[in-house]
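Heads up, the next two complexes both have subunit A, just with different partners, subunit B and then subunit C.
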Partner chain A sequence: MGNSVVTINNLVKRFPVGGDFFTALKNVNLSLEKGEFTGLVGPSGSGKTTLLNVIGGLDSPSEGSVTVLKKSLGETSHNERAELRRKNMGFIFQSYNLLPVYTVFENVELPLILNKVDPQERYNKVAQAIEWVGLSDKINSRPAMLSGGECQRTAIARAIVHEPTLVLADEPTANLDAENSHHIMKIMVKLNKELSTSFIFATHDEKIMDYLRRIIHLDDGQIINDEQIDRPKSGS
Partner chain B sequence: MLFKIAIKNLLGAKLRTWLNVFVTALSFFMIILFSAMYDGMREHAKQVTIDTEIAGGAYWHPEYDPLDPMTFEDAHSALPGDVQLLVDQKKAFPVLVSQASIYPGGRIMPVIMKGIPPGQNIVNMPTDALSGHDDIAIPVLIGKGMASDTKLNIGDSFTIRWLDTDRTYDADEGTVVHIMDTENFKLDMSHIWIPLKKAQTMLAMEGEGTYVTYEKGLPPVQDKGDWIPRDVKYLIRDMEALIEADEPNAAIMYIILLCFAAMGIFNAQVLSIFRRGREIGTLMALGMTRTRVVGLFTLEGGLNAFLAAIMTVILFGPLLWYFGNNGIWLGVDYSDGAMGIIVEKYLIPVYSVGLVVTTTIIVSIIVLIVSYLPSRRIARMKPTDALRGKVTV
Partner chain C sequence: MIKFLTKGIIRDRSRSLFPVLVVTLAVAMIIFFQGFFTGIMNSMFLDSAVVSTGHVKVMTRGYKEESQLLPNDLALLGTDQLVNELGQDYPDLFWSPRITFGGLLDVPDENGETQAQGPVLALGIDFLSPKSRQIEIWKLERRLIDGRLPENANEALLSTRLAGQLGLSSGETVTLIGSTMYNAFTTFNFTVVGTFKLNLGPVDRQMMLVDITGARLALDMENASSEILGYTNSLYYDDTAAVALRGRYNKINSDSTDIFSPIMMALRDVNQMGTMVDYMSAASGLIVGVFLVISMIVLWNMGLMNGLRRYGEIGMRLAMGESKGQVYRSMIMESVIIGFIGTIIGTAMGLGLTYYMQEVGLDYSDAMESLGSTEIIMSNVFYAQVTPELYYIGFMPGVLATVLGTMLAGRAIYKREMAQLFKELET
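Let's look at the complex of A and B:
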């Protein structure tokens, strides 16, 4: 438990469908350590995104316990979970979810504003994060002016600018071509190495499998295989 | 922090923001203009009555009741000492009132015949048109509405029949010497105006009057006999009562306009939340609490209204100023009194401090409420639904 970032015991997640319930996650048990680079892999509807949302505190478990960064999500309020996400988590979405009216700089700056970081420090951290993802020349561009790869790199910068312990990425390469997918993954591997940030991906994209050091296979809401891959931490 | 984000969101949304702000500003403009027009109409009605009829006030013969023509027969006498002194000093003028009948085009029509000194300049009436007609038996001044009703034109003659002080019917020929275009229908409808001396002679009431109207700013006289002083407040009491009775209508009008403004803002907010569901989810995922997201959207609504207030001043201020100075052409002549109140042809809006302050405060409160109402739905929104853009408001 010392280095554990996520601990899940007997997690069940049900959604109401009509007058009945659909069980999206069935008796999931899982433990993730600090600095892991893990993929939740499986076909559509296997429960990857639901599991990611539960870990991120965006959704609550129907049964079982989920402990993230030593906080039991079942015992925390909405505001406490928001604080946990604000301070310790970063999110990367399939469709980037950048705020369209903000520039690259402003999008990346947002988590720091929410964390009340003072303006000078904020500027330095945003500039550094943008440099990490190689978008220094697009700092004043708006998302509409960026390519898909650039949008996702902006989203990555936004996810890591406040140096969170855990980054949750939902299908981060699904909308990208192979070149951009590899580029994005290399950036995340680099961040994982340099900042010891734990990454959890929900994906069914074969292109990124080579980068993962742990692959958890999900099917029909259950973990069917948990595979550790012996790969140097520097990535592929 | 919220303020900074709200400002960024508003300014970043560019056209969407400015369209919302424009609609809200238009609502502000309409509320202020319509309310000011309403106030202007009422203020103008009072002002016209004072300018054309009341001046500084009047002394009435004790028998005189303008609403009961039967009293006119006995409502005349010589003027009391100090009242006569005012008339001699040209600070007041007497009016002699009697009932009469006229026969324009062979028809009979009961009228109120009023004798007025042609040289008076205390009220705004073209009475000087009555002077210098020695060749005419009875020079008559009528209003446009009366001329229209009787189909009389300048130079037309008709029979006037009246009851003199000896209770004897007399008749003579009156000739229209002028048709006045007055906004005060009370001087117009069923009225004929003739020179005072002629009226006194016709009625055998030499040196007598029914009431005396005096100029503005005069103190009350001591020797007024049994004549009754009537100040401006008393003389416009009917109009005040009419205006007071009209207050609910004004309030309804105001509420309707406010509702339009509120609906505009509410609609803009609902649309904004509906369109920005994914953004709401993203903000929650980034760690913004629901309360803060609600606060952010409410603040954006409030800032929207603030920008609208500025836009109202910049965009519509000159228009309001222009209307305030030059009036708004109504395009309809209400001088026949069909409206029941004096309505000018050019309606000049009156922007009182009370109107602007009250409107600003009320609109601001409403804006905050209608910004908050749709925003609070966010508090019940699941972040995962919001992220998928699944928003119901």
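Let's look at the complex of A and C:
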């Protein structure tokens, strides 16, 4: 529990469908430690994105408890959860979710503005994050001028610029070709090692699995297998 | 964060330029329509007021009863004192005596024999006294077609139609043949110094304008007048105020048993003008009201759509740790700024257009020809009018409706799970 980043006990998540409920997660129990590089793996509809959203506080549990960075999400207010995300979490999405009217620099800058980091420090951190993902030459480009891989690298820079403890990535390589997928994953492995940032992926992309050090298999809203990998195939 | 958001608004034309344009156009149109209808209404009332009714007017009870016959034997006496008293008691209006009379105009040839003759409707108006605003409200300088304005008691202006019928031009002399206020036969020579065209349909067909001093000399009406006409200093007809004034005045001054006692009438009391006032007010209110509601729905919907379009961005900002309140407030602030900018530009545009139409007007003389037999005095040119409410009326649709739409769309921030906002971005 000392290094625990996420602790989930008996989590159930139901969604109203018509007049009934659909149960997306059923009695999920899980613990993730600091610095883990973990994948939630399973077919479409298995509940991996829902689990990621619940961990990020974007969805609330129907039953059970979810503790993230020692804060029980069920007992925190919306503003406390917002602060938790602002300071300690980063998000990477399948469709990048970059703001189209802002440049790469400005998109990456947003989490630091929300954290009220002073302008000089902000500039340094944004420049550093953009350098990490290898986009220093695209700093003033807008998302429409970038390739899919470059957009996702911008999203990664945005997710890690404030050096969060936990990064949640939902299908980060789904829209990318193989070369870009490997490039992205290598960047995240590097950040995981250098910053000790924990990464949790929701994915069914085989390419990602080669990099993971823990794979949690989900099916029909339940964990069916929790697999530790000492030597990932990619060598990470 | 404000700087960051402002940058985004400026760069994203669909969030700035387009909404500002929509608000601007809607507000400008509302203001113009309001100003135009107000102008038409007031223009119609003012034309009637100038030519015959005043905003209010005072006459004897006897004259009121027989007014169609122009009974100057029932005229007001001691007019100068009456005008002074009215000016003191009701300083929001200016008062002007008027003599309306009919007769025959005789045009002599070089031998003094009748060359042409025709009926005339003459108005003796106070043109020459120093504080008179009659030349201004008759717009005589603009309406003068030929010659100059009268400078002496025996000088007259003829309508172009009357001058044409009698074959008269400036500088010639005509003889008025009529009767005095004591019903005695009278003749009086006037020198025609100019011709005018009122552009008020058929009203000036047989019209002659003279200074009231000349009319008094011709009709033996020393210090008397047919009526005393009152006009608001702003020249804006306020029906409610006019009716209230008429009620107060008559209660104090009018004696129903004395045909020579004065009685006041408001503009609405004359020539079915009351129906016209009510109809025009209702029609104008309805048209502007309907347009206002439509504009509000359009702007409300625009605010709503702008908000809906941004659910993905909202979800992303919430995921990054902005609080719901912050996001909601920033959306509303954005719509307030856009609403204000659009309303200010729209108000300026609307006022500019209204002012232009106030000065230039819309000429519909051709259409008026088909109304040649109407008895209602109507201008051939529609003028808009810039009124004080035009400066703020646009803020209701421009700011309020836009912000309400955004507020409604923004409720989703509180109503939906954040994850749902992402899903809506991706679909």
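Convention: the second predicted complex is superposed on the first by the 231 of 236 C-alpha atoms of A that agree within 3 Å, B and C clash if a C-alpha of one lies under 4 Å from a C-alpha of the other, contacts with A are read in each partner's own complex, and residues count from 1 in each chain.
We adopt the following convention: a contact is a pair of C-beta atoms (placed from the backbone, for glycine too) under 8 Å apart; a residue touches a chain by one contact, two chains touch by 3 or more.
All figures in this text were calculated on a predicted structure; none of them were measured in a lab.
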Clash-or-fit label for the pair subunit B, subunit C on subunit A: clash
Partner chain(s) touched by A:I139 [first = subunit B, second = subunit C, both, neither]: neither
Contacts of A:N79 with subunit B and subunit C, given as first, second, both or neither: both
Partner chain in contact with A:I113 - subunit B first, subunit C second, else both or neither: both
Which superposed partner A:L99 touches (first subunit B, second subunit C, both, neither): both
Residues of subunit A that lie at the interface with subunit B and also at the interface with subunit C: 53, 56, 58-59, 78-79, 82-87, 89, 91, 93, 95, 97, 99-102, 106, 110-111, 113-115
Interfacial residue positions of subunit A with respect to subunit C in the complex: 50, 53, 56, 58-60, 78-79, 82-87, 89, 91, 93-95, 97, 99-102, 106, 109-111, 113-115
In the complex with subunit A, residue positions of subunit C that touch it: 1, 4, 7-8, 11-12, 312-313, 315-325, 417-419, 422, 425-426
Residues of subunit A that touch subunit B when the two form their complex: 53, 56, 58-59, 78-79, 82-87, 89, 91, 93, 95, 97, 99-102, 106, 110-111, 113-116, 158
Subunit A partner contacts - residues on subunit B that touch it in the complex: 1, 4-5, 8-9, 11-14, 278-279, 281-282, 284-291, 382-384, 387
